[in-house]
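Look at the two complexes coming up: chain A is in both, with chain B in one and chain C in the other.
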Partner chain A sequence: MAITGNQAGPQTIAAVGEGPPTEVVRLGTAKGNWFRRVGWSHLVGVLALVFSLFPILFVVSAALNPVGTLSSSQLLPTRMSLDNFGAILSGSFPRWFWNSLLIGVLSAALSMFISACAAFAFSRFRFTGRRAGLLAVLLIQLFPQFLAIVALYLIFADITNLWPAIGLNSIWGLLLLYLGGALGVNTWLMKGFFDTIPKDLDESAKVDGASHAQVFFGIILPLVRPILAVTGLLGFIAAVNEFLIASVFLTDDSVKTAAVGLYGLVADPQTANANFGLFAAGAVILAVPTVALFQFLQRYIVGGLTAGAVKG
Partner chain B sequence: MARSTVDVDTARPTGSPPGGRGRAGLGVGSDGTSSPLGLVLKIAALALLAAVAVWGAVPLVRTQNWIGLAVLVAVTLLGFYVYLSPRTIPLKYLLPGTLFLIAFQILPIVYTVATAFTNFSDGHRGSKEEAIAAIEGASVQQVPGSPVYDLTIAADGDPSTGDLVFLLADPTTDQVFAGTSDGLAPLSAADVQRSDAGRITAAEGYTVLDVAQISDRQDDLTAFTVPTDDGAIRNQGLSSAFDGAPQRAYDAGCDCITDAASGRTWTADDGNGAFVADDGQTLAQGWRVGVGLRNFGAIFTNDVIRSSFLRIVVWNFAFAFLTVLITFGLGLLVALALNNPMLKGKTFYRSLIILPYAMPAVAMYLVWRNMFNTDFGLINRILGTHVNWLGNTASSMVAILLVQLWLGYNYMFLVITGALQSIPKDLTEAAGVDGAKPFYAFRTITFPLLLVALAPLLISSFAFNFNNFNAIYLVTQGGPFSPDNPSAGGTDLLITYTYRLAFGGAGADYGFAAAISVVIFLIVGVISVLAFRRTRALEEVN
Partner chain C sequence: MAEVVLDKVNKLYENGFHAVQDLDLDIADGEFLVLVGPSGCGKSTALRMVAGLEDITTGTLRIGDRVVNTLSSRDRDIAMVFQSYALYPHMSVADNIAYGLKLRRMDKQEIEQRVHRAAGMLELGHLLDRKPKQLSGGQRQRVAMGRAIVREPQVFLMDEPLSNLDAKLRVQMRAEIAQIQRDLDVTTIYVTHDQTEAMTMGDRIALMKAGVLQQVGNPQHIYDSPDNIFVAGFIGSPPMNMAIGSVERGATGYLLRLGSAVLSLPESVLADRPALAGYAGRDVAVGVRSEDMEDASLARDAAPDARIRARVTLTEALGSEIVVHFCVDAPKVETADTKELERDARTEDLPASQQGTPFVAAFAPRSRVRPGDDIEIAVDRERLHFFDPQTNLAIRS
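Moving on, here comes the complex of A and B:
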């Protein structure tokens, strides 16, 4: 990193003040040559682009590779066919993909709603236990759910005996479990954002006779759309990518999520080579919703992430 | 979400006073639910709650789980109280999240901590009584002259999770029975359908299992017996069962198990939850007991565990720290380069560079693993080498960090770009006017401000990567493994090590796995609390 090898800050500040004036070439001024002005930016940009894209290029090329093995997959496709896509879509994959979408969308939407409600309460009301509640949420979010995977498995084994519909081997059980983490993950991020919305807005609405629910649904929620977009997107990505709990909970082929199912295709080194084309086709299909959502919500993302970071 | 469609227009300009705080008493409308749509939604939601509660209560009543039922009723009443009382406005917004949090986050943590102090593992699952019943049941042998039944294996309810049931037909008396782990109960002949040979093919209230379903439950079946007055009924294959007498019996007087044939005895050791013979041999079936700090002690006293544990902890810290460092470093470089005001095509670069962040990480980890494949991998083919990248610890670590860099620097690039744009331009410009070189201005002004702004994110990133199960499990599976300790691999994190202990093939040791989870809790908790304290200090300075 750039700062290594430099002396302590305050001393050098003094030194600059006393030293002889030096010629200043600032980036972004016309004094430097082309490379110093924009060339280096292009160089870094192109290198980053290559680094970012080559594995993606490889997986797309493997998906289009008609032979469908790892050993015959090249970085750039030599021959193209949709055989792998046809094969994976005729197997269990559509079911897995649907499970992933269902869990991803429901878990993201419900988590977003739960933490928006909590953030509203923490931001707008003063009540006993508010401070303790906020600290508890901060502390609990440090402990990811899957650390308690053993206990979760044992608890859900009991739940399965009582209510099989929400137990092991059910995406509904997994959904409930994911909602358990909803309050911890995004409440602080959202509360920071809620705090930036002037209270005068709610006050004047209340004077006009609006109830707290009308203030929340009618005034606050529309104003915090950027942070809702970000938490919703992050929640969707997290749920679709959750592997540990899903792989323990979902063992029947029909209830697997795409992450668990695709893992099964290449988990065994014996079959990994032969199945790689299928796997790559599945990975490309699975990427479509997240990438689309990402591009669609991109304008919110930078703002939302840094709002949480700065104001958290 | 349907609820968010409640429009601001429905707010009546001259309605009831806000909050309804001055009015007491229960009832809809008294808490400020003034719009008709809100009222309808509220009634619908409470009706749904009641319906779910009734649905949840049925199995609890059936299994006579009164504690569970009491909890369910209490939670339901709490729900009604909170949403009908005008005094509990903050709770209305906090209740759903809090209930989920308690049920699926706090309770599991408490359960994990409690498990860490027990010997809970394969062979030590249930109570002492269950262990005795299992030992006696497993030793049942056929006694000459005892009845042999035609067996049909069924389940009470769901085929994969319901309790096993033996549907038995006695060929000599033609009677039919249902055998459960509680005992033998006669069935009414009207409730069963039988094949020509006399076997039961269906019975009212039970699900007959097919061969595939039975093979899924082989372990349950092995442990299953139907207790009878003088012994137990066991299966013999899948289509017949015999009533036999146990060879081993428990004697409360000596608190021991005696084998009738050999005369050996195994005495109960309540400290370890096992029956132990004089020569130290223990029976496989034990029971669950509290073992105090023994699981934690094993981490530090068992030589094999201690050496691998320390190695794992060191690598775990290095992994999390290096991941944050390199992703932040590259993210910063790219963000600075693309933040250049004279650069054209920023959007093009940006939207393609962040693409890895949007790709499904699970799939991409697996893609990377296959790119590192010795025989078929892209990396060896491009380099023209034949290196087993994931076969030795050092190159595995480098490979994993490279994958982490690829997946993570985009996120850092995004947030750093955002933070850079929020730093006032006049600060750096003022430095420039004062004669500071660009790098100097960056080092003394931009970089410290960035760190203050991003410190909470860096800490979160560290905490996240400290337990980045997917990165390790999907790329190296914790390997490579050395022959002297096959349970701890060269790139294992604590979380992948825990997972292998609990769910790996070599017999589950839940107690020890839970103890390691508790150690992870402590490490993550202490680091995060210290770090958050420090950043709060940083923010105050700003």
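Moving on, here comes the complex of A and C:
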């Protein structure tokens, strides 16, 4: 047998030796040229990349543009400086940023935990009202929280009178609201994942001497880390990015979240144009924790998203 | 170490399914009891009730001198090996084995000692740092065993622990588990649907069908004198041959007519089974194990009235014996029990290929029978089994 390289790409193996007819076998030949086989998918990928990078590039370049107005913004800035970052960090922004982080981390962590508890119960125990409970959680989730905003405002106005610490103009009140909002979808997502963990493990642990709590913390939670990562991340992003309810609830400058605060910078038509650079710089800074969290949780997320999607 | 007593234990599900009915079992301290039966017969449910994983609807369950009906699993001092092994995937082998001890807040050194002792017993010493997914099926099975052993419980419960292993490993683990049980002398309830495991491992077998206990006894006793058609057909491989015959009173004694063959029944047969005389003139289900038949040309001293004629359809030479298939021209036994057996063997949908009843005999390897031969088969009449085709029960006294 002799293998001869072919410059066009495909190799040919020619049988040499005994037997008169030498048959030529072509390896790696496929119909069509390179573009039709592989190239087009690269093209689609590049287009998608450009499409998603464009706004990011625009915001980053606006943030670096020292002139800092919307009208002077260009996709590729002619001059670059960190003036906008310096300016925004010296104002109220650090406070807003901290508020956003606090709400994001707390609401993500707490809603993750509450949902995990609920999902564990729904997945593992059989009790009266289980079906009704699951359906109720799903149905309530169908209505956007925004529908209830008037009612919520009235409720929280009353709470403010009785207990200002968790009322309007307090991030604790807002946190409470976010926790309730995320519960439904997270519970369903997690229950789907919990159901894929064999019940034998619980039973084995129970026979080994574990209580329900020990089964939950010692056996189940370590095994559902992917879905915890996903719900945690989604919860964090949702809380950090949430604007509508936050803008109604938080009016004092000191309790604003970054989303509400940054909006304030460009809300006034008089100053909107001039503050655009600051706004962009704030947006870039605000993106940092989310990106960092993504990086940190990446290895769980890929498994978690697919597992939750397919099995849930 | 303790005895386990089930007294009229019932399991009735909310949907009305009666999984276990009036189960009475008395398992002695240190005994290895195998609970066997076809799938869905309630054997696993019974085991899970002992484990505390299923509620007991009615009846009492005692482990040692305590009634444990309402006690949770953790307080029953039992260890269980699951069919799926149920190893904790995120823990190392050592942690898996030690988990139960850690939950009991045992001293760290003591835990380490016990884990190493158990690992040594199961030859897991070099695998203690691995995760379960890095182990082979047999190794996982050993870890599951180790987790049970290390607890030193009063009772071992095993739910088909070998059914996920391949055939060769199963034979090996079968012997090992039986050995470990004997060494540790812990009361063990072992659930399986494999009659070979039941025969080879247990001190006693308890055979269940559709939630009802059929017979309890040591393996040889159950094999030799099954109480009913179901037990007769379930225990033994190949299964006991059964056909409808009739008992008649002849001039010199009782005769058994099996299709066109007529066998005389020696007095000892009736002496052992006095009730058989009452069946004179009636149909009975006749059972004969494959090893109780022999090629008549090899058994020259077999009486002429202890032979049946048949044409060989198939032979399988196994070296130590020749398995000979042939057809007896007597009707098949068709009762609720045989239907259940066919369902379990998944042969219920096979077409009834021929008239008569297929039999399987094990001949000595010297036999030269070939497919298509018309042969005479000598039957060991002392070892025939008789059952009432209406009640399915063995005809004895």
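Structure notes:
We take it that the second predicted complex is superposed on the first by the 280 of 312 C-alpha atoms of A that agree within 3 Å, B and C clash if a C-alpha of one lies under 4 Å from a C-alpha of the other, contacts with A are read in each partner's own complex, and residues count from 1 in each chain.
As a working rule, a residue touches a chain if its C-beta (ideal position, glycine included) is under 8 Å from a C-beta of that chain, and two chains touch if they have at least 3 such contacts.
Computed from a predicted structure; not experimentally measured.
Once the two complexes are overlaid on the shared chain, A:264 sits clear of chain B and of chain C alike. In the superposition on chain A, contact of A:205 is made with both chain B and chain C. In the superposition on chain A, contact of A:223 is made with chain C only, not with chain B. Within the superposed three-chain model, A:150 lies in touch with chain B and out of touch with chain C [touch as defined at top]. In the superposed model, A:295 makes contact with chain B only, not with chain C. In the superposition on chain A, A:77 makes contact with neither chain B nor chain C.
In the superposed model, A:214 makes contact with both chain B and chain C.
Touched residues of chain A, counted separately for chain B and chain C, are more numerous for B.
Using the contact criterion defined above for the overlaid structures, shared-chain residue A:184 touches chain B, although it does not reach chain C. Shared interface residues of chain A, touching chain B in one complex and chain C in the other, are 205-211, 214, 218-219.
Within the complex formed with chain C, the chain A residues making contact are 198, 200-201, 203-211, 214, 218-219, 222-223.
Chain contact summary for the complex, chain C toward chain A: residues 51-53, 72-74, 78-80, 82-84, 86, 88-90, 99-100, 103-104, 147, 151, 157.
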